[in-house]
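Pasting the structures in now, so scroll down.
Next come two complexes, and both contain chain A; in the first it sits with chain B, in the second with chain C.
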Partner chain A sequence: MNKRIKLLFSVLMVFSLVVLTACGNNTKDAGDKEIGADGAVKAKIGVISYLTGPGAGYGEAITNGLKLANKELKEAGEVDLELKIEDSAGKQEEALSAAQKLMNSDNVDAIIGPTLSTEMFVVGPEAELNGVPIMGTSNTAEGVPQLGEYVFRNSIPETLAIPASVQKAIEKYDVKKVAILYGNDDVFTKAGYDVMKKVAEDLNLEVVTTETFQLGQSDYKAQLTKIKNLNPDLILASALYNEGAVILDQARKMGLDVPFVGGNGFNSPEVIKIAGEASNGLIVATPWFAHKDDEKVKSFVKNYKEAYGVEPDQFAAQAYDGLYLMAEAVKNAGVADRDEIRDALAAIKDFKGVLGTMSFDEDGDIVMEPTVLIIEGNEYIVFE
Partner chain B sequence: MLIEQLINGLTLGSIYVVVALGYTLVFGVLNIVNMGHGEIFMFGAFMGVIVTNSLGLPLYVAFLVAIIVTGILGYFLERFALRPLRGKEGVSHLAPLISTIGVSIFLENAAHHFFGAGNQPFRTSFSELNITIGSTTVYYVQILIFVIAILLMFGLTFWLSKTKAGKALRASAENLAVASLLGVNTKRVITQTVIIASAMGGIAGILVGIAFNSVNPQMGLSFGLKGLAIIILGGLGNVRGAMAGGLILGLSETFLVAYGNSGYRDAIAFIAIIVILIVRPQGLFGTSTSKSKG
Partner chain C sequence: MLSELINPYYLQVATFILLNIILGVSIYITLGTGQLSLGHAGFMSIGAYTSAILTLNYNVPLVIGIIIAAVFTGFIGVLIGFPALRLQGVYLAIATLGFGEVIRVLFINWEGLTNGAIGIRGIPHLGREILSFSESLGFSPGMIGLKNNQFVSLAVFLVLLIISIGVIWFFIRQSNSRIGRAFASIKMDEEASEAMGINITYYKILAFGQGALLAGFAGALYAHLTAYISPSDFGYHRAVEILIFAIFGGSEVIWGPIFGAIFLSTMPEFLRVISEYRFMIYGALLVLMMAFRPQGLIDTNVVNWIKRPRLKKKEGKHGTGNKKDK
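So, the complex of A and B:
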């Protein structure tokens, strides 16, 4: 018995040695920065993504988006990017060691990722220290771009999405009075409420009442009857789609027909499945809308579907645009130099991607108009 | 607005009443709190979803299917979670409580597995029908729910006090051993009671479905807890107490939202319990003699 374990152990040791040497071979060509024979600017981009574990779906979408973008960029021939993909497993320490490997032994010129905001909070300062430009394509937490001069992101936070949808709804429906309804036992819906309250104050809207509910509640009729009698022009509802869809259903049944504005948690096709007809009139803002009438979006969706068999989600689209932004910076810098790429990234203005028209502000945060959607005829369409 | 909120409160209260009746019936006979009742109620609601939404059949079929399925679940609950523990040496009186908690966990996860985690829609054209009197809109559903609650209460009172089966049930509630000596088939009485209580849970599930159009695997817990609060409020094992407690809770929750702060809505049931337990520990309709039962 004991002997067998020993044998197994030594076989494993030999095997892992072989694997380790194989890994070592990959990194030998570090540091060659030159312009290729065909005039394309060569650069090495490190990618840190959540590829194993419960959130592996995000990492898969992100790397799919990146690979598709890289294939198209290679065909276009202006830049020649090499992607070095590392797994973070959604963990801070693994993200950090992946980042150190990319920066110090692979000598990448820039990094895309990591997937989670918590990971970015440890990787961002390290990149800043090493002077490597880094761009998050899926981090929405407060404070990510403020981590340093070299830290960027192209994913819009909730604080930007809600004001955009409220603003559009106000213009369209001439709103004066709003009612606010939110789930007070969930961090996400509570944060959405804080944004809604601030938006209502900033836009000088009269808040007729603020009502709350709890996760999993069934009966919203008391709150809705109260709201109905106060006659608001618009209802701001910070709810997750599960409760939100039921709220819409009960509201429409009692004849409360004013439009609703929801946060990102309310933005799901499930709303239509649960509430049916009653979901019409729900307005949400989203960074990514796959059915937008736009050439770029259409060809991206088509190519993505051909390559991976599914429709690209928000994470794939943000990663896709992320690499395009990076490529634009590499092209404008003209040389694979970390500082030059950082400056070129910061200087990007009105870049057209599949998400929309993007620029960076002085912090390195994305500036773009999110797409505002409304449910009409039981489907999401662009709200104009 | 006052009348509309009153109707909202009565609707919610009536549903609470039907849920609480199921608890009170089991408690009255077996002196145990059936923690699985909320989940049986949830299964009833899902039967409604399947019948009306997936199969597109009319509402009365949903009632029938829900009653049958929850009745069967009640039978299994009694057969596998309660009967093996009854009358055994050394079984703690808390054991049935724990085994029904087990049933509730099992049923919630089963529902999660079969029906998915999210809310399911309950589609029936009946929930749209309404009459408008002045500025107030009343839905037939709301009237139906109220009528069903009243009918169930009177039916149950009549059954308990006037029929032979009801008398056997009350005799068993008084003292199992003596009832059995006097020729009451106590095993059958108990099974029958749990089945009837569960079927009432099924009815309540359908009522929630048509009233609120919100059916999910977690709903059993919140309604179950409210049901427990109501029977403590109204007096354990007391039918009229369950009725009064349910309506009081439904109305006070609704009016708290309408005229106060909606954040305290769920707190009111438990505040009421604390007050009642201090002022009238036996509950609104409970009698202190019921203590001698145990």
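So, the complex of A and C:
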């Protein structure tokens, strides 16, 4: 045989050897699913998170929340969960590959994640087909839990958050006319807009104008001038916090002083950092409020700050509660079995977490009361 | 036995590799006539949306939907090809980039049809359709000892494998034909080819149309593999990703983009172990690559290097100088 072909073959052989050993490692740790010596129920939980790319901040908060929860659960000793964390890079294909790896190579008993609703739309049906319970902790789009019997979420959808905040704003400011401003090229802001439009119709509000902008835009004066001339009592803005903060800043500079109601994506401490004084008067509904007068919340905030040096945001809190819900299901199921865990998850009622009291409805969607917040004096406070 | 060997995870990765190979070949065809296109993500989205809308709203069978999508995208490609003919190099790249963006914005704003930025979900999934089809024929995966999910992944993988082998075979045949030689000659020197009597307009548009058709085909497959598409899947980064397959692997021979697609799609999976750093390494690799081998990893010399032993017997040592060999 010729030298070159020999060389080519040997390279191929080495390569396949590496692949084989890689597979070998994966199959080894499958199947340790019995109850541990100390009585704790063992289970393997897969996590799909957005760890690299522009949205890596979300993924980091989520994994931090999960790790903290897991540490506490281990100490409590009722369940012994092993977390397998995989990166999705915010892409559907990557999320799908990660999910397949978790479900088939790592043989996890349940999955937490993925971070984005778009990823969930791809991963959800696959988990359903495999019969693996999956819980999104940050998916807010409509239709996520309806993907299947095995699909759950513990994040409140926009359809719950926005009506709550609009309702409260109307009561307080006697609103008749509203203007809507939204980003039309992003899934998140567009979904928020659809809800806002419906809410305005349901509450018989007069929509004076609907204006759009694009992700990453920096000048909103044209839209804001138009809105200002129409004199609305309230502005509904479906924006992510980066654009939203700039919108607030420019609006206040123009003398547009009416309150704003934002969606879930507008809810971030970053808004105050970017817009400063201008952020006052922003109303958002959120499942998570870090300054709630509650023992659980206080200890969570304290522990999180100790471990990671920052205050937990909404994503960390939702992930934290997500793992607690999962642990509760594993504990009630008593065995690390995918179907048993699914049934136990669906049966959870009035579970007390840092977000509040949570239950799942028949679709697997979360049932809970969101807290409505307003920024006043450069701080989020409860809006009443 | 069989059921232990088939891991849907590996099949899933392999399926996306095959899809990327088709995309790599599609850009190779266009590059093969010296046309640098950044509009392939746009063509891909046209294919994806056409097939998704046809199968979802008009109950067109999946296979026919994919074929119509591919042909329709090819047609659009030919239409774009005419004005694109006047442009060369960077200017063409910018124009096609603009085309891709126009298509994306169109899909964002045409809400009645495309559901805007939210995207279309619940598109019939290729594997699950095959499963329900075979079940209607009275065949269930359990008969050959497979679970449903294994069967789905395996079926999708096999279908894509056959398709990609077909595509590669077709284009290898083409490159050794009159058309392939015309493409190569146009890439070398347009004026000289014209002087030799090659109909440049025809061949350039043919290449552009073929590239678009293939990209649209891959897009339609993508829609039916993930069952969810949104305009942001087909943005600028996708166009660059497709181009990188050909640039990294090399755009002189068809094996270049194929190798590029395989290598660049497996890399992130192998690097999963070091999760957060994997895209850093991926990036560093691309930079090194461009610094040391700007023509791409696989070029004509490499192909000859692999093939040469056979030639040596026939021709002796007359080949182009690879000095180490003497």
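Here, the second predicted complex is superposed on the first by the 230 of 384 C-alpha atoms of A that agree within 3 Å, B and C clash if a C-alpha of one lies under 4 Å from a C-alpha of the other, contacts with A are read in each partner's own complex, and residues count from 1 in each chain.
Definition applied: a residue touches a chain if its C-beta (ideal position, glycine included) is under 8 Å from a C-beta of that chain, and two chains touch if they have at least 3 such contacts.
Since this is a predicted model, take the numbers as computed values, not measurements.
Touch criterion met: A:52 reaches chain C, while chain B stays clear of it. Of the two partner chains, chain C is the only one that A:86 touches; chain B does not reach it. Applying the stated contact rule after C-alpha superposition, one finds that A:273 touches chain B and leaves chain C untouched. When the two complexes are superposed, the chain touching more residues of chain A, out of chain B and chain C, is C. In the superposed model, A:128 lies in contact with neither chain B nor chain C.
Of the two partner chains placed by the overlay, chain B and chain C both lie in contact with A:184. When the shared chain is aligned, chain C comes close enough to touch A:141, but chain B does not. Of the residues of chain A, those at positions 184 touch chain B in one of the two structures and chain C in the other. Within the complex formed with chain A, the chain C residues making contact are 7-13, 16, 105, 108-109, 116-119, 121, 125, 128, 148-149, 152-153, 226-228, 230-233, 268-270, 272, 275-276, 278-279, 305-306, 308-309. Across the complex, chain A meets chain B through its residues 184, 211-214, 216-223, 225-226, 229, 242-243, 245-246, 249-250, 253-255, 270, 273-276. Taken in their complex, chain B has these residues touching chain A: 1, 4-5, 8-9, 11-12, 118-121, 123, 127-128, 137, 139, 208, 211-214, 216, 218-219, 221-223, 253-255, 257-258, 261-263, 265-266. Of all residues in chain A, only 2, 4-5, 8, 22-23, 51-53, 85-87, 89, 92-94, 96-98, 100-101, 103-105, 118, 121-122, 125-126, 129-130, 141, 143, 184-187, 189-191, 194 touch chain C in the complex they form.
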